[in-house]
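What follows is a pair of complexes built around chain A, which joins chain B in one and chain C in the other.
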Partner chain A sequence: MKFIVSSTYLLKQLQVLGGVINNSNTLPILDNFLFDLDNNKLTVSASDLETTMSSVLDVDSDNQGTIAVPARLLLETLKTFPEQPLTFVVEDNNTVEISSNHGKYALAYADGAEFPKAVELANPSSTTLVGDILATAIDKTIFAAGNDDLRPVMSGVFFQFSPENLTFVATDAHKLVKYQRTDVTASQVAEFIMPKKPLTLLKGILAGSESDVIIEYNDSNAKFSFENTELICRLIDGKYPNYEAVIPKENPNVLSIARNQFLSSVKRVAIFSNKTTHQIRLKIAGAELNISAEDIDYSNKAEERLTCSYQGDDMQIGFNSRFLTEMLNNLNSDDVSLEMSLPNRAGILTPIDGLDEGENVTMLVMPVMLNS
Partner chain B sequence: MPNDFPLRKIIHVDMDAFYASVEQLDNPDLRGKPIAVGGSSKRGVVAAASYEARKYGVRSAMSSVLAQRNCPELIFVKPRFERYKEISHQIRNIFYEYTDLVEPLSLDEAYLDVTVNKKGNPSASLIAKEIRQKIYDTIGLNASAGISINKFIAKVASDVNKPNGQKTVNPEEISQFLEELDIRKFYGVGKVTAEKMYKLGIFTGKDLKQKTLEFLEGNFGKNGSYYYNVVRGIHTSEVKPHRIPKSVGAERTFNENLSSEIFMLERLDHIAEELEKRLKKANIAGKTVTLKIKYSDFTLNTRSKTLAYYISSKSLILETAKELLYQEKLQNSVRLLGISLANLNTEKKEKTTDKESISVQLKFEF
Partner chain C sequence: MSEERAIVHMDLDTFFVSCERLQDSRLNHKPILIGGTSDRGVVASCSYEARKFGIHSAMPMRMAKQLCPEAIVLRGNAATYSKYSNLVTEVIKDSVPLYEKSSVDEFFIDLTGMDKFFGCHQMAIELRQRIIRETGLPISFGLSTNKTVSKIATGQAKPNNQIRVFKGTEKPFLAPLSVRKIPMVGEVTYKSLCDLGIKKIVTVQQMPMQLMHKVLGKNGLSIWKKANGIDNSPVIQYHERKSISTERTFDKDTTDVKKLKSITIAMAENLAYQLRRGNKLTACITFKIRYSDFQTYTQQQKIPYSSLDSSILPVVLNLFEKLYNRRLLVRLIGVRFSHLVEGGHQINLFEDNEKLIRLSLAIDKMRERYGDRSVISAAGMEAKSISRWNPFSGEPPPLLPNRRR
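Right, the complex of A and B next:
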């Protein structure tokens, strides 16, 4: 087995695939890239058992063969090379020899057959959307997903496809984001929960990409195909919470405010908040928003007043400043609206401007009950 | 009487027909006549009756219509709580001349711990006599008193020689006193408990004493051990000069019975507003909201919900009360609605050493 490939081209692909590989693996074979050569096509795969990603590379070869090459060693070596052709030759003594302009390097390889096979999707449904839209959907939601091992469903992003729209939801039970596209639809109704790791990988690869992504899915797995790459992952098993039920329907108190101004005030005031609760207090009366925080233990205190536009009863509500900061940071609009009903009900944060046609973002945040 | 606790000297002072007596004091025309404090309307209730009226069987909490029927000459007087409060305050000041350990139970009742007193008088009986005399001399009202070694016996004893009398239960008499006591006279035994006691063959203190702790706990739960102890003269509760309220509430009886929840919401709004006012005044908040529903047949229904956090604002009280109202179908038309808030943040400070400012991050109810 022998092939010739451009060093930078190979490195670029391997760096993307390397994201799949865990730092420590129970199965040593997973520390490798799988090289599957079929004449001019080299398919490189990486896997952590949950997620398998592979890319097809054009190489110069007239051989076939399958080997597993140590990922870290290979990546470290490739990083040092300037652009040049590299020749990979599999030797008899279980090593693969790489020849560069500078010299020769031998790496021990494992038999490719040991590498776990990616699952085949049986009877998948499919939907196609532009890479950048998917990347945006992931970016808008993934920060709100939880880390609670006891509620694994909430550690992922909920994909809800229908002929009317595509909806992406993430929540950690304190905050919730619902991102909806009515300009992209699916032929059938489908729902599945994607784990965070493959989504983070996809987000990185697809940001700004104009290529189409084909999403195929069944009850247990999903496959994302784009350009020369495929990502197959296991879905999170379980029923996603009925998030619609927690979105308050009647929210008579509506605050509109410049996002940046609000965000910087929250950030500043939050410095003075209690270090464990990060609690800040919003007091809204008339056209004035009063943001305050206090850390009784250290006698630290801050208070800011902002002008806002407000409709509703005077109210006082407490929030975790981290949640508000994350959410406000994640939006891109100039102005935002915060709708509220009661101090123990979720506040609804939405952008007022800056959305694409067919794009919809709803963020919910549960308050902190102030013990006044 | 075997008792490991240091003997205390507790006086329970109870004003005789307090509201009615105040009215008779202020208005000489009413003296010697059967009067009832309370509303005379068809939905009114007697808050207090003078002794003259009691002879006719007029009792407090009786409906005004029934009271009038029992005693056609009955004169109804509108209550003037401000005035009662003022007099109650004067009475309390007399108590303070003897001890600072005064625990008011209501406007007309209080416990006094005179084990150590400002006058250096070793006789609680004489102190009680002096206090009653002083109340009569300075204010002109009669009071009764019970004197013993704990609050429970003092309270029961004050009823023995009522009105205008007092009863001392000395330590050596306690056993007999409690054994002979009708079970209905035990403080803490109401109508319902008394009936239950009867069914279990308990009619007097003696009967109660024969029951084992396990038996009483099995039948009366937590109260079982209370009954077991008090009948043995054991009641260690101290006279607490600053009684911290356990709950704060507000309620309203309606002119017309209400049958639809929609009308009740409006009333709840007012009640919640009143409750908020009271909470603000005392600067407290609570976690448990209780909705009290009294049906037109006087049966009582309470529903409560405990939240994870303290609330004191009208909007949240109302929200929870509404939830409780809709929680279960009403069985009848409603004559009274009340909202109370318990599990107050004042209790917490006493019990736990935690910092009082605990804020709670709420979660979605998935």
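Right, the complex of A and C next:
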């Protein structure tokens, strides 16, 4: 088995695939890239058992064969090369020899047959959407997903496809984000929960990409195919909580404010809040928003007043400032609106401007109970 | 702190008895016992007349009554004692720069640097006179360079007197006293010290520090330091509470699961209310159970920060179910919340029910207005005597913890 490939081209692909590999693996074979050569096509795969990603590379060769090459060693070597052709030759003594302009490097490889096979999806349904749209959907939602191992369904992003729209939802039970596209649709209704890790990878690869992504899915797995790459992952098993039911419908108190101004005030005031609970208090009366925080243990205290436009009754509501900053940071509109009903009911944060046609973002944040 | 410190320890003599006598002068010069009157009650306070019979505080009430059948037994009234205690606190607050109220009837006062103006000893004497004059309560004090020596000195001064231990004379002052006088040497430590042949503080003073460390571990080191009159701990005005807890010993050991649960619920409910009133959250719940053979088991569980009954009660009950597994009579159960932080409960989108939250708010409002026990869950109604002091006021608890009605 022998092939010639450009060093930077290979590095670029491997770096993307390397994201799949865990730092510590129970199965040593997972520390490798699988190289599957078929004449001019080299398929490289990486896996952590849950997620498998593979890319097809164009190489110069007339051989076939499969080997598993140590990922870290290979990546570190490739990083140091300037652009040049590299020749990979598999020797008899279980080593693969790489020849560059500078010299020769031999590394031990494992048998490609040991590498776990990627799952084949049985009777999948499929949907196609533009890479950047998927990347945006992930970016808008993933930060709100939880980290609780006890509630695995909330540690992922909920994909809801229908002939009317595509909906992406993430929540950790304290905040919730719903991102909807009405300009993209699916042929049939489908729902599944994607784990965070493959989504983070996809987000990185697909940001700004104009190419189409084909999403195939069944009950247990999903496959994302685009350009020369394929990502197959296991879905999170379980029933996603009924999030629609917890979004309050009647919210008579509406606050509109410049996002940046609101964000920087919250950030500043939050410095003075309790270091564990990060709680701040919003007091809204007339056209004035009063943001305050206090850390009694250290006698720290802050208060800011902002002008805003407000319709509704005067009210006081407490929030974890972290949630507010995360949400405000994630939006990119100039102005936002915060709709509320009662101090113990969710606040609904939505952007007022800056949305694409057919795009819809709803963010929900649960308050903390205030001691008046 | 290179400067020589001046620490005064003030202790109200037979505080509860003195309060009762202020209210009823017929009690003067008579043996008085104050404490729980049930079979398992203990003496919380007793007059000097009663002490002559060999009675001391923390002694089972039954035994005390046998020793002195003619003693007058009172159940005591926490509110009265708190009131008098606050009167004394006011006087002290008014006259000194820094004080620490370490219990209802004990105060540490830091007079360091006051020598320049008044003379520390003179000031302490005047303060004592003023307290006696204004409140009518007898009080003793010890003055020295640190808290331990002052506290021991007060113990020596009592009743109704004062002692000053000059700098440099701490060791000779402590030498002839029993090791039992050192704060933190309780019955168990005293026994193990006795087993080593250590009875007087002077023996500890002569021992090398390493030996004490070897025998009693870390505690040995601090006992050695205290025995040598070394104590650098500062006078701290306000102690932040790191946990709140309540426990209860039954009049009669029981296996009545219904009763146990009922009391558990009442305790957890009350503590959770205290949390909410103090705007605190807990992240760790501990349950404690002691069987009639005095085997004690505890188990704790971490939870997301909360102060709501609906998230705390199930955890407490679950711990109870887990811990109550021996087929034995139960002597004591207790609940403790720790890892406290300032803040309000973060409402959960899916788990918290809006109705329950509104209910909880309404109940708290009623309690605020009509008292702690105006609204309680029916399951917890049987448990009547759960303390209702506010644990976050920075004040020490009003009663000795082992006192029972």
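By our rule, the second predicted complex is superposed on the first by the 372 of 372 C-alpha atoms of A that agree within 3 Å, B and C clash if a C-alpha of one lies under 4 Å from a C-alpha of the other, contacts with A are read in each partner's own complex, and residues count from 1 in each chain.
The working rule: a contact is a pair of C-beta atoms (placed from the backbone, for glycine too) under 8 Å apart; a residue touches a chain by one contact, two chains touch by 3 or more.
Bear in mind that the values here come from a model prediction, so they are computed numbers and not experimental data.
Participant: If chain A is used to align the two complexes, do chain B and chain C fit next to each other or clash?
Facilitator: Clash: chain B and chain C overlap once superposed on chain A.
Participant: Taking the superposition on A as described, I'd like to know which of chain B and chain C A:P367 touches: first, second, both or neither.
Facilitator: Both: A:P367 reaches chain B and chain C.
Participant: Examine A:P85 and indicate which partner it touches, taking first as chain B and second as chain C; both and neither are also allowed.
Facilitator: Neither partner.
Participant: Answer with first, second, both or neither: which of chain B and chain C does A:A173 touch in the superposed model?
Facilitator: both
Participant: Could you tell me if A:G312 is touching chain B, chain C, both of them or neither one (first, second, both, neither)?
Facilitator: In the superposition, A:G312 contacts neither chain B nor chain C.
Participant: One more residue to check, A:G18. First (chain B), second (chain C), both or neither?
Facilitator: neither
Participant: What is the contact status of A:Q279 with respect to chain B (first) and chain C (second): first, second, both, or neither?
Facilitator: After superposing on A, A:Q279 lies in contact with both chain B and chain C.
Participant: Could you look at A:P241 and tell me whether it touches chain B, chain C, both or neither (first, second, both, neither)?
Facilitator: both
Participant: Per the contact definition in the header, classify A:N344: touching chain B only (first), chain C only (second), both, or neither.
Facilitator: Touch partners of A:N344: chain B and chain C.
Participant: Choose the clashing stretch of chain C with respect to chain B from the list 129-137, 147-155, 273-281 or 291-299.
Facilitator: Comparing the options 129-137, 147-155, 273-281 or 291-299, the clashing one for chain C against chain B is 273-281.
Participant: What part of chain A is shared between its chain B contacts and its chain C contacts?
Facilitator: 171, 173-174, 176, 241, 243, 246, 274, 277, 279, 296, 318, 320, 344, 346, 364, 366-371
Participant: List the residues on chain B that touch chain A in their complex, please.
Facilitator: Residue list for chain B touching chain A: 285, 307-313, 315-316, 319, 345, 355-366.
Participant: Going by the contact rule at the top, pick out the chain C residues touching chain A in the complex.
Facilitator: Result: residues 240, 276, 279, 281, 305, 307-308, 341-351, 354, 357-358, 361 of chain C touch chain A.
Participant: Can you list the chain A residues touching chain C in their complex?
Facilitator: Contacts found on chain A: 171, 173-174, 176, 241, 243, 246, 274, 276-277, 279, 295-297, 318, 320, 344-346, 364, 366-371.
Participant: What residues of chain A sit close enough to touch chain B in their complex?
Facilitator: Contacts found on chain A: 171, 173-174, 176, 241-243, 245-246, 274, 277, 279, 296, 313, 318, 320, 342-344, 346, 364, 366-372.
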